[in-house]
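Some structures are shown below for you to check.
Note that subunit A is present in both complexes that follow, paired respectively with subunit B and with subunit C.
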Partner chain A sequence: MAFTLRGLKVSPNSASLEEARSRVFDFFKTACRSIPSIMEIYNLHDVVTVSQLRSTIASEIRKNAHIDNPKVIDLLLFKGMEELGNITEHAKQRHHILGQYVLGKQGLVQDSSTKDEGISPFLKSFYETNYF
Partner chain B sequence: MNKVFNRRTLVVAIEVPILLLNSDRRDRKREMGLGIFTSMLLRRTIIQRSTKLLSPQSPIFNNSFVRPIVSTPELKNPEAAQADPVPDSPPLPPRSPVGGARVHFPNPEDAIEVFVDGYPVKIPKGFTVLQACEVAGVDIPRFCYHSRLSIAGNCRMCLVEVEKSPKPVASCAMPALPGMKIKTDTPMAKKAREGVMEFLLMNHPLDCPICDQGGECDLQDQSMAFGSDRGRFTEMKRSVVDKNLGPLVKTVMTRCIQCTRCVRFATEVAGVQDLGMLGRGSGEEIGTYVEKLMTSELSGNVIDICPVGALTSKPFAFKARNWELKGTESIDVMDAVGSNIRIDSRGPEVMRILPRLNEDINEEWISDKTRFCYDGLKRQRLNDPMIRGNDGRFKAVSWRDALAVVAEVMNQINPEEIVGIAGQLSDAESMMALKDLLNRMGSNNVWCEGNGMQTQADLRSGYLMNSSISGLEKADVFLLVGCQPRVEAAMVNARIRKAVRSNLAKVGYIGPPTDFNYEHQHLGTGPQTLLQIAEGRHPFCSAITNAKKPAIIVSAGLFEREDKDAIFSTVEAIAKNGNVIRPDWNGLNVLLLNAAQAAALDLGLIPESNKAIESAKFLYLMGADDVNLDKLQGDAFVVYQGHHGDNSVYRANVILPAAAFSEKEGTYENTEGFTQQTLPAVPTVGDARDDWKILRALSEVAGVKLPYDSLMDIRSRIRIVAPNLLSIDEREPATFSALIKPEFPHSMSSTPFKAAIENFYMTNSITRASKIMAQCSAQLAKK
Partner chain C sequence: MASIAGMQICLLAGPRSIHQRSGTSINHGLKTSVSFWRTIAPRLQPVLPQLRIACAAKPETVEKVSAIVRKQLALPDDSAVTGESSFSALGADSLDTVEIVMGLEEAFNISVEEESAQNISTVQEAADLIEKLVEKQKA
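Take a look at the complex of A and B:
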C-alpha cells in the first residue's frame, strides 16, 4: 500500500517514557493536521466539525492514558499511525468513519440525557436493544 | 491397462454379429429401434465378456473401464447369489428400534417371535413384516406405506426376502407370522429394490434442480441408497397435466409416483373425498375427479406426506432451498391446540412452517392456518413506538418518549378506570407482567380476550379439555355443545374423526348448522335442546348413558354468553345423568379458542365487572384486537402494544411495537393443560421489544417497578400463581373436578348458539395480515 505518510516506518523503540510521550504528542499533531483532508475525503462537513473530530482523537488517545510501559506505548502508537494512514489513504469508507469516530460507541441513540441517571440497568439496555 | 481395453473392444467386435442372430433378442429389437438396441447389446456383451474373462478377484476387474448397467454385477444371477447366503460377512449387531420407538403389547400372550436378519424380535400379533423390521431396527425403504394411513401396497419399494417364499414380499402389506425368517439385506432384496427404483424412475422427470422437494425428497434419497446408477428405459417419459388444488398446494403431477398417500390422507384423515385416482396402468393420474379445489382445513399435510415433489407448497414455491433454512422447534398459537411446529427461517425471514411429531397433540399434522399464516408475519408489522399527534396521525418516537407519555397518563388516572386486556396470542409471562403492573397501579380490571365476564377460573377442570386431546380417540359418544371443532380446532376435529372411524363413535351436535367431515346428528340449535337432554326428554340421552366413554365438548365461545353459567350447569347436569365423569374417565371438556386462554385462566386474568370497558379511561391492549371498543368513551386513552397494525390500532393513542410468537420465547398452555414454549426463530422487526420487557420498562418509568429483570424471574413469580405453567412439555390435568354449579337453572335464554369463529382462515392479527389466508378465505371458506 502506498502510504503518503511515508515517514511511518517502525521507528526505533523509545528509550524512555519521556520520549514515548513526546512521540504521542507528535502523533496527535499529525492526526489533527490531517483532519481537514479527512473531512474532504469522506465528505463529513455536514455531520461533524473539526473540533469534534479533534476531541474524538484526543479521547481515543486518552483511553490509554494509564499505560506507562514505553514498549506498549510504541505499539499503540504504531497502530494509531497505521489507522491514520488507512484513513488518509481512503482505505476506509464513509460508514467506517461515521461508525467509529462520529457516532462513537453510543450507537444511534442520541437522546441519552441526564434523566437517565438513576434508572436501572434493565431499562438502560431496554432503550438500546431487545437482546440483552 | 491399454492392453486390456484393446482386448475387450476386440471381443465386442467379434460378438456383436453372433448375438444379432439370436432370435428372441430380435423380437425386442423390433420394439426398440436399432440404435438403442445395439448400444444396449454392446454394453451387455461387454459385461458378459468381462465377467467371464476376468474373474472378480482379478485386480483388473476392479479398474475396469466399462461400468456395468447394474451397479452390483454379482446380483445379475439371483440363483447363484441365493445359493451362497453370505455366511462370511460378520453378523450385524442387533439394533434398537427405528426412531427409538417402543412397542406396546396390548395382550402379552399374543406376542410372536420373528427373525429379522437372523435376530429374533418379539412383536405383537397383527404387526406387518415392515413393522417387525422396524422393531428390529431395520428401516425398510418405502413410498406408499405411511404408519397413519391404511396400507396400499402399490409401490413395491418395501420388498424383502422371506425364507421359503419364492418371491420377495411387499413387507408393508404382509402380516408377520410366528417364526418367519425375514431377510432385508440379501442380494435378492437389494436387487428387487433396484428394480423397483428403475421402474419408478422410468416416468419420473429429472427436474430435481428446479424441484422444491429437492433435498428432502424420498425418491431422491432412496434412489441414492438403493437405486442403480442408470436405467434401461430410454423412451420418452410420460407427462401429466397439473391439477389446480387451490391456493395452498402446488401440483406437478408428472412427478407423481402413484403411491396414493395423498388420496388416502384426504379420505381417511382429512375426511374429504376430493382426491382420487383416475385411469389405470401408465395412464394413472391423481386428481380431483372434476375440476375442484381441495377444501379441507388439513390440506397442507399432503405436501408433507407426498414422498416426491408432486405436491408442494404453493406459497413456498421457489422461495428457498430446504438446506438453507434454519429450523426452530416451536409452538403454534393460531388456536388453542398448541400444535408442535418447526419454524424454518432464512436470515430474518420465516420461510415456512412444518409440523413436528407430538403424539398427544397434533400427531404429525397441522392445520392450514398454522402452516400458511407465516406470510402475515411479514406484513402490517409495527416497528417503531408511535404517538398519535393532534392531527390524528401517528408519529414515530423513541421508546423513551413513548414510555414517558404512557406512564404520565397512567399515573393521572383513577386506578379503577385503568383496564388491561391481553390478546389471544399472548404468552403467560407477559400476561403475568400485565396483571402485576395493573395490580400495582391499583386496578384489577385485567383479562384476556375470549374469557367472558366472571368466568369460573377456580377449578381447572372447569375450563380444560379433561379427557385430553389424545384421549378423545377412545370416546364412543360425543356431544358437541355450540362447538364446531372443524373450525375451532382442526386437530381436535381430526381426533374426533379418528374416533368416529375406529370406534364408530356417535356424534351429536347442538349449534348452528355447520360442516362436519364425519357422520353426525344435528340435535338442535340452542339451549332448548340442551335442556331436553338434561331432563332426559331427548333420544340422544340414551346414547350418552349407554356409552362406555362419553365425551361432552363445550365450546369456549359460550363464555361470551350472558347465560353461560346456566348453560354450564345444564351441561354438568347432563354429565351427571350420563355418568360422564368416572374415576377413570373425565368426559366433560371445554374446548378453548385461543392460545392464550388456558394460561390466562390459570393466572386469573378474568374480568371483574361487565362495565369495565365503558368506564375505562385508560385502556392497555396487549395485542388485543378482537375486543369490541365501540362502548369505549371518546376521551379514553388507549395504548396498543402488539406486533400488527390490526383492528385496535385505529383507536390507539400510543403504539408500542412488540414481538410476534416467532420472535420470542414464551410459555403457552393448550386447551388440555399441556404447557409448552415457543422459541425465537427470527429477530424482532425494527425497534420492537418482547412483551414482558415493555411492561417491565413501563413499570419502572411509571414508578411501580416490577421485581423481575429476566424471564427466569418472571417464571419464579408465575410459580407462586400457577406452578403448572412451569412444567414444560407436560400435561397437568385438573387435579380434581367437582360439579359446583347450582343444580337446575331456568335462566337460560332461548337464543340459539352462535358460531364462535366466522372465518376459519382469519381469526387473529397475524392471519388477518396474511395474503395467503385472504386468498384461502376468498376461495375455500365454506359459505
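Take a look at the complex of A and C:
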C-alpha cells in the first residue's frame, strides 16, 4: 500500500480551501523536519545542505500553488505524503534523490568539455520537454 | 544595547494606551451606554496584549532572524529589515513564512508549536518567540 511505515494520515476530503491550506503547511513542516534523517540515510552531507533541500521542497509545493480545488489539493498531498514516506523508509536510492531533488533544472546534458559545445540545442533540451 | 531597544518598545506601547483612553472619553456623547460603563467600571479597558510581549528579544537574535529572512526572500544585503518589518511587506507569501519559521527552527535548534507559528507576522515577534523557546529549553 502507499504508507507502510508512516502512520496513515489520510483523512476525508478537506472541507474548504483553508483546511487544505493548513494541511499543506503541516505536510511541509513534516517534510522539513524529516530532512536531517533523509540526509543521514542517503549520505547527502557533502552534496547539499538542509536549506537547499528545504527550498527544493518549497518550490515543488509552489508549482501547484495556483490550484483552488480542495479535492485536487488533497490528492496532491496524498501523493506528496507517499513520496515522503518512500524516501524516509529508504525505498529509494541515492541517485533517485540526487536526480529528482538535488540537481537543478539545467537539463542533464551539460557543457562539460570543449567538444560538447557543438551539440545542438535540440539535444540539450531533449530531456526537458517535447515542446519548445 | 538590549535595554535601550527594550525601552524603545515599551515607550512605543505606552502612548497607544493613552490614546485609547482619550478616545473613549471623546466618544462620550455617541452612546449613553458607553458613559454608563465608564462611570460604573472605570478599569474596563483590557490590558493590550502587545504590552506584555514587549521588551524581550536581544538585538543579535533579531539580526540572525533578519539574515535568515533576507536569504530566504533573496533580498539584497542593504534592504531594510528591522524588527517591525512584517514578512508580507517584504514580499513573502504564506509558504515563505512557514519556510522562514522552519529555517529558524533549524538555525536555533528549537521546535515551534503549531499555534505560536500561526501568529508570527513580523521579525520582532519571531525573535521574541525564539528567545522564549530558547529560555524554556535551557531551563
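Just so we're on the same page, the second predicted complex is superposed on the first by the 97 of 132 C-alpha atoms of A that agree within 3 Å, B and C clash if a C-alpha of one lies under 4 Å from a C-alpha of the other, contacts with A are read in each partner's own complex, and residues count from 1 in each chain.
Note that in this section contacts are C-beta pairs under 8 Å (C-beta built on N, C-alpha and C of every residue); 3 or more make two chains touch, one makes a residue touch a chain.
This is a predicted model, so every value here is computed, not measured.
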**Item:** Partner chain(s) touched by A:Asn130 [first = subunit B, second = subunit C, both, neither]
**Value:** first
**Request:** Could you look at A:Lys29 and tell me whether it touches subunit B, subunit C, both or neither (first, second, both, neither)?
**Result:** second
**Message:** Just to be sure I read the superposition right, which of the two partners does A:Ser120 touch: subunit B = first, subunit C = second, or both, or neither?
**Reply:** first
**Asked** Which one hits more subunit A residues, subunit B or subunit C?
**Response** C
**Item:** Contacts of A:Arg21 with subunit B and subunit C, given as first, second, both or neither
**Value:** second
**Message:** Taking the superposition on A as described, I'd like to know which of subunit B and subunit C A:Ala65 touches: first, second, both or neither.
**Reply:** second
**Prompt:** So, A:Ser55: does it touch subunit B (first), subunit C (second), both, or neither?
**Reply:** second
**Message:** Let me check the overlay on chain A: which residues of subunit A are in contact with subunit B and also with subunit C?
**Reply:** none
**Request:** Using the touch rule from the top, collect the residues of subunit C that touch subunit A in their complex.
**Result:** 71, 94-96, 98-99, 102-103, 105-106
**Asked** Across the complex, what residues on subunit B touch subunit A?
**Response** 398-401, 659, 683-684, 688-690, 693, 696-697, 700-701, 705, 709
**Prompt:** If you look only at subunit A, which of its residues touch subunit C in the complex?
**Reply:** 21, 24-25, 28-29, 32-33, 50-51, 54-55, 58, 61-62, 65
**Prompt:** For subunit A, which residues are in contact with subunit B within the complex?
**Reply:** 109, 111, 119-120, 122-123, 126-127, 130-131
